[in-house]
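As written, the chain order gives the labels A, B, C and D, with residue 1 at the start of each chain.
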Amino acid sequence: LSELQEKCAVAAIVGNEDVHAAPYMHDALYAMQHRGAEATGIVSMQPDGGTMAHRGEGLVRDVYTEADVQRLAGSMAIGHNRYSTAGSKKGHSQPMIDEVIGFGFAHNGNLPVTQFLETHLAKHNIRTQNLNDSEMMGHATALNIRNGQPLPDAIELAYPLFRGAFSCVAIHDGVVTAFRDRAGIRPLALGVIEGVGRVVASETCGLDIMGATYEREVNPGEMVIIDSNGGIESRQIVEGTSKLDIFEMIYFARPDSILYGMSVNQFRRNCGQALAEQHPPTVGDADSILVVPVPDTSIPAAVGYARARGLEYENAIIKNRYIGRTFMEPTDDSRKTGLRRKHSFVPGSVRGRDLILIDDSIVRLNTLPRLAALAEMEGARSVTVLIGSPPIRFPDFYGIDTPRQSELVAANLTIPEIRGKIGCDYLGYLSLANLVAATGRSADMFNLSPFNGVYPVGIGHNKQDIVTPVSMEEAE
Amino acid sequence: LSELQEKCAVAAIVGNEDVHAAPYMHDALYAMQHRGAEATGIVSMQPDGGTMAHRGEGLVRDVYTEADVQRLAGSMAIGHNRYSTAGSKKGHSQPMIDEVIGFGFAHNGNLPVTQFLETHLAKHNIRTQNLNDSEMMGHATALNIRNGQPLPDAIELAYPLFRGAFSCVAIHDGVVTAFRDRAGIRPLALGVIEGVGRVVASETCGLDIMGATYEREVNPGEMVIIDSNGGIESRQIVEGTSKLDIFEMIYFARPDSILYGMSVNQFRRNCGQALAEQHPPTVGDADSILVVPVPDTSIPAAVGYARARGLEYENAIIKNRYIGRTFMEPTDDSRKTGLRRKHSFVPGSVRGRDLILIDDSIVRLNTLPRLAALAEMEGARSVTVLIGSPPIRFPDFYGIDTPRQSELVAANLTIPEIRGKIGCDYLGYLSLANLVAATGRSADMFNLSPFNGVYPVGIGHNKQDIVTPVSMEEAE
Amino acid sequence: LSELQEKCAVAAIVGNEDVHAAPYMHDALYAMQHRGAEATGIVSMQPDGGTMAHRGEGLVRDVYTEADVQRLAGSMAIGHNRYSTAGSKKGHSQPMIDEVIGFGFAHNGNLPVTQFLETHLAKHNIRTQNLNDSEMMGHATALNIRNGQPLPDAIELAYPLFRGAFSCVAIHDGVVTAFRDRAGIRPLALGVIEGVGRVVASETCGLDIMGATYEREVNPGEMVIIDSNGGIESRQIVEGTSKLDIFEMIYFARPDSILYGMSVNQFRRNCGQALAEQHPPTVGDADSILVVPVPDTSIPAAVGYARARGLEYENAIIKNRYIGRTFMEPTDDSRKTGLRRKHSFVPGSVRGRDLILIDDSIVRLNTLPRLAALAEMEGARSVTVLIGSPPIRFPDFYGIDTPRQSELVAANLTIPEIRGKIGCDYLGYLSLANLVAATGRSADMFNLSPFNGVYPVGIGHNKQDIVTPVSMEEAE
Amino acid sequence: LSELQEKCAVAAIVGNEDVHAAPYMHDALYAMQHRGAEATGIVSMQPDGGTMAHRGEGLVRDVYTEADVQRLAGSMAIGHNRYSTAGSKKGHSQPMIDEVIGFGFAHNGNLPVTQFLETHLAKHNIRTQNLNDSEMMGHATALNIRNGQPLPDAIELAYPLFRGAFSCVAIHDGVVTAFRDRAGIRPLALGVIEGVGRVVASETCGLDIMGATYEREVNPGEMVIIDSNGGIESRQIVEGTSKLDIFEMIYFARPDSILYGMSVNQFRRNCGQALAEQHPPTVGDADSILVVPVPDTSIPAAVGYARARGLEYENAIIKNRYIGRTFMEPTDDSRKTGLRRKHSFVPGSVRGRDLILIDDSIVRLNTLPRLAALAEMEGARSVTVLIGSPPIRFPDFYGIDTPRQSELVAANLTIPEIRGKIGCDYLGYLSLANLVAATGRSADMFNLSPFNGVYPVGIGHNKQDIVTPVSMEEAE
């Protein structure tokens, strides 16, 4: 369990002439619901270049009726699931559309630097006061289209204004484009559905549900152009170096998605095995120890840990499915209320046991103190907490709604202090080296900024607010 | 995973004078959402005996705003979550209310025999054409109240008309009653919140969330009467013998609920251990075998099986959380569509492995053939399917929406035939004796009719449609 | 123009077997919209005695879609338009229904005495706290039906509990009844549609729109029973003496309705002629005088006045049609706001003229002072105000929402004082004798209580609040 | 009564710094509801140039709650009431807004020629397929604003593309403009509210309700520029010659509005007097003749006719106020259904009388045949029909939704033939010369095209469909 917040899934489909694109898009958004449950939208394109849109606040299953999906005509479409940062705003539904020119745009990620965009738009009399980063990207592209540029050129021209993390899809005049920032911080996968057409999705699980075969990632700095005749073209807009956000693997992505060629489930299990190496049990024996995941993200790590050590594993913590993941609530207040109804222990399951609780990460420390207290009430003999990633000491600026550094517990407290706050007998984090090793890739292929403060893409004026926590070295 | 359908949770609270009952009720309904997601309602009672109600179609989180809950004044309340059988009908929201006399009534269960109720109501000019069993129970009680009876007497007088399975709560004139049928087929638990008041809930997880301490079950044939002054009284309306529906333990109840003194999670884990005894692996070895649950209900059994045999365990099947449990969709058509988007395998997780899939039960066989096919596509070397309960060969008439006997696959096919239909290498069911043993209780304490056709409460004319399947003996 | 408020129209239809009743009912309610614009409802009856209902807040045109009307199956129906007194309450939509016994009930009028009803209902455990007079009448009838009485007997048994003014329709089990209080204070007309069936409506304009021929009034104290086989029966429940509320003629009824054999338009024109006799012009001459009605109710009187005196007539005051009649707004506050946007003078139309403004009645004096001031601003040389009825000095208790006596301007001020408040040069009321003469009937055939304080039906404890205004004699 | 359909009212207000503009705008739209009841909208402007909008389908009283109006912040606003031609389309609500640049635009009139606009917009990649004429005007202006032009220049640059009838208001960046086509076909009046600010409205009744003093018309071809500092400037964009649509006086405008210095009521009364000259009674005598208007528009003409001839006048035809004017229903089908419930005669009012029915115009002849038949049923001895304007023989292209020429009855039948269709004893139209005389102005100050086929502003390709009816001369 985590309190991280990630915003958005994007997807696109370019079908053959007779394909009805919207139902495919609907499925893809369904499968990627975990990336954003606050709002969802689809923009489809008709043969004459006209767009139709359906957007709404809430879950995919609530926003679209069958009639809504049927009404979205055309063989091409883009779609979006949104999770918004602080103070969800109704007006900011995506895909952003400019109906007048037949244009749709959807963005996953975040731009820490928007001053160039703002200046550019203001020059064209566009009021940026109420626009968020995604809308500004869309309007900058729309400006170029209004001035006569085809979609790919319109994006290429605007691209230098986009400063940060972005994996985007856009649609106009019979063409869909998909493009990523130069560091490829957010994922974006390309696939093909035999006999139907080409598809794009933030995660491979979005491809799978459509019956698509995964082909490759859209590369960092690359724009892929797919037209309604089945043509596909690649433009490397800028040189890119892959710096995938490692939190996609730790927390955001669905376990059945594949990133860098490895299933997310396998990676998380690897982390559990690595934890078993790095933090063997300190209390109890094979009969007394019980390994328990904080559901749902941490299950593979707990399974991996228990297996590696030959210990007993139990899903002793029950999560009320109907609340949704905590982070789905937009305001801080409801997040806390929601938590109160979120977890309970299976009665009797931990009595007299030496408990090893496995969680994926710690942000604000909302959940673990309560779980430790509950475990004690349930009669656990001891509580060990193991975290499948290093301490988060730096805020994120690329699309994860992590709090200010002052709210990050590991940026302000030492590990013993955190252990005290949790009220557990032992607290262990996975080291950064072990985390990277679990990916099977080298460290330079990831954005590790939440752990080490090294930001692969400029974060502008935000930089001045970042300090190096005193407790930095001790985590390793 | 199962395709069984259960209807309804009920709950009640009688608080001290200053208690606002509705928020407690809201929490209890939240925690029991798994028992019915089609509609939900709360009826609260004001000091003068007037009722206020809020009911709606959908999930607890969607039906009630904070303002709705705040508006429900009074220190007493009853509540209900509904899952309705075939063809959900808007008009049948519960609690049923008769606002004119200040009365509310909520029912969990099903009455296979309603002819006495119908005749009685018709005698009082009440049109029964559009009433379901729950509403008829409510109106029969209301008739007695209109004729001057206090609530407990009104129920006691009407009780002989109630033929089937029922765990009910009712409210009128400062009194709440909770009562069960003579066999206690559906559960109903009594608790107390220190300093707040007394509470009733279908499952103990509904008590837990309110911070209540479990006291005891409402007994079969008993009516408990709780008044606003804190008084509590018991009336044994008829002699009762406990015949709890064993499917509450197999499938319906939340793993952290307690039935007959045992956690549901523990029972399910026991079933997995029993399966390990009864059906040891037939293919592969410790390195090649992977034990995989069909999420979510079967997880404890799979954990139990793997542990008992020292085999590797993996959550290799991913369920899209946002679809909800299949049975939550009221029409058969959407059930199938929903399934298509329901499960996927973690890529690479089962390649070259001898798979042991654990599921809790088989009704129509909607899911397993597809999972077996997916497993093969994913490269599994062999697929064993083990079911944590015996073959379901008889329909249910006590509140589970199981299909007609003709649709129950085990009533029509032999086990080898079912194995053929699934397309797996081995299929094993848990024997009835082992199932009962896993409860730690004797067989006569349960309704086992789905397995053995012995109906502890009369099912009336339905009896004539039941046949004994030829394949009966072979399951044991 | 007036500030009186009347509540409700009722209607019923009993068609032949193949007739779809609801569209007829819809038309009748349309034509009687002026009697109540706050809510409207239809209850139809199916061959098996089951009721279907559609009710809603607002105008007929807004509440019913074509689909709503089509859905209301059955050859019989009753309907209602509501205007409610002080503080419109959503819950009190009519027809009141008791779906459980297949019963509908609609009431036009008001019961000043409800204590017998309340006591009776309480004896049957019915909570009367939130019931209005109409609902109590309905529930008292429903009680008898539940106890086995057919509809006509159920009403006859309850009739002694009904104390006040009521013209009602009811439906149950293939029978419609229409009945009136012993004084026949509110109108209720009976008609027949050739080849279709029998109909009932508050006003004859409701019959006309359905293509029905007027047959007769339902008599005071009479109940007419119409069954689905075309049978019609009359029961004189109590002896009756007709005391029609004269305000039906002065203000409420549509000009094309017929009451006591005379068109309402003709009556109002007669009042204008009588005013011409009683109050000849006091200022100006044939060239300078302009007769202007306060639209809409006063138009016939103004036309009659001008014609009788050979003076010029002009619709110089424009009313914004889209506001609706003032009294349609339920709260006092919005009534005043609405007025601000209600009237304007045709520019130039009254400059230099001696204006004779004709209005039908004065209640609180909300409008005339403003019109007189506007007339002066527009350059009128003098303003005479003539009222087509006597001063209203006593409150009404029979279904007109007139204010307390303390708010009735003529109960508190002399005529010269009222003239001063209006700010006009002359103020004349029509005498009671002349008003009655304009009806062509004798005074004892009317409820004249607003003018003379003689209440033909008991008003219970309200009596003690009524005083005889000192200015009483001077009006004659 | 008429079956003409006019689209739209516009209004604007520029208040001083502290003024809340929206409530004023709301009042103005209320007063001009008769010009369009299908949709309404307000766009207000905040100090920073940001716009807020509220638009909706329906009447002013239904679309805006008090909260809606309060929410519309800012001291400036424009507003619009819409009546749309054939097939009302939800998407086309006005004011059109381009929120991104803070721009609003509202149009009253119609452009028969849009090809230049379409070509221009297409050149800027704007999809015109789904845009109506008003939206194209708005987008052409917005294009110029995006390219850096201030609002007045943006309009002036786009003005040559606007070909037809238009009276418009626009808002951007602290400036409101109001402008008219070169012929001034639709009215547009300028006023000032002492101490509040400047206002614009289609009709003077819109100024009156705000408490504004009328100053002058916006001139044909002129643009008036009002800024938030109280400045006002006039630009004569093109030379203009006033050709006010005479149907504004005959039918559309409210009787209390002033056009060319004369009240619309006075003009209509003049028409009645002219009819008295041109068509004296042909049947009956002073005692038998009754002059009756077809409500509401024809009332002044009927009053004028009766007065001029010393005949009796009566409002004998009752119109159900709650239906609204016929033309408010967007589809032809509902128009006919509505009619069935629209009119009735006061019973007895016309029996034995020689009836003179006065109507303002005849388009399709939907109403009069039915009224003549009703009059006969009511016992009228004879029926004379007099029309307060000449035969309509040519379609309109400037904002009135008149049917194709083939549907105009006077373009296809001779007057005797029309009389036969009505079924009356005499039919007389007012001559064009007398109509013009009633205005007190010369014929060249009006658009008379519906009568004489002379179109003051080019109608483009529509021209080819117009033929000269054979019956043309005989009308004079």
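Some notes on this structure:
Quick note on the criterion: a residue touches a chain if its C-beta (ideal position, glycine included) is under 8 Å from a C-beta of that chain, and two chains touch if they have at least 3 such contacts.
In this text, all values refer to a predicted model and were calculated from it rather than measured experimentally.
The most distant chain from chain A is C, comparing centres defined as mean Cα coordinates. A straight line joining the Cα centres of chain B and chain C is 56 Å long.
Note on chain placement: the centre of chain A and the centre of chain B lie 35 Å apart, centres being C-alpha means.
Centre to centre, using the average C-alpha position, chain B and chain D are separated by 65 Å.
Chain pairs recorded as touching, per the definition above, are A-B, A-D, B-C, C-D.
Here chain C touches chain B in the complex through residues 48-50, 99-102, 124-127, 129-131, 139, 143, 145-148, going by the rule given at the top.
Residues of chain A that touch chain B in their complex: 27, 30-31, 33-34, 37, 59-62, 204-205, 208-209, 254-256, 258, 263, 265-266, 269, 296, 299-300, 303, 307, 312-316, 318, 320-324, 341, 344-349.
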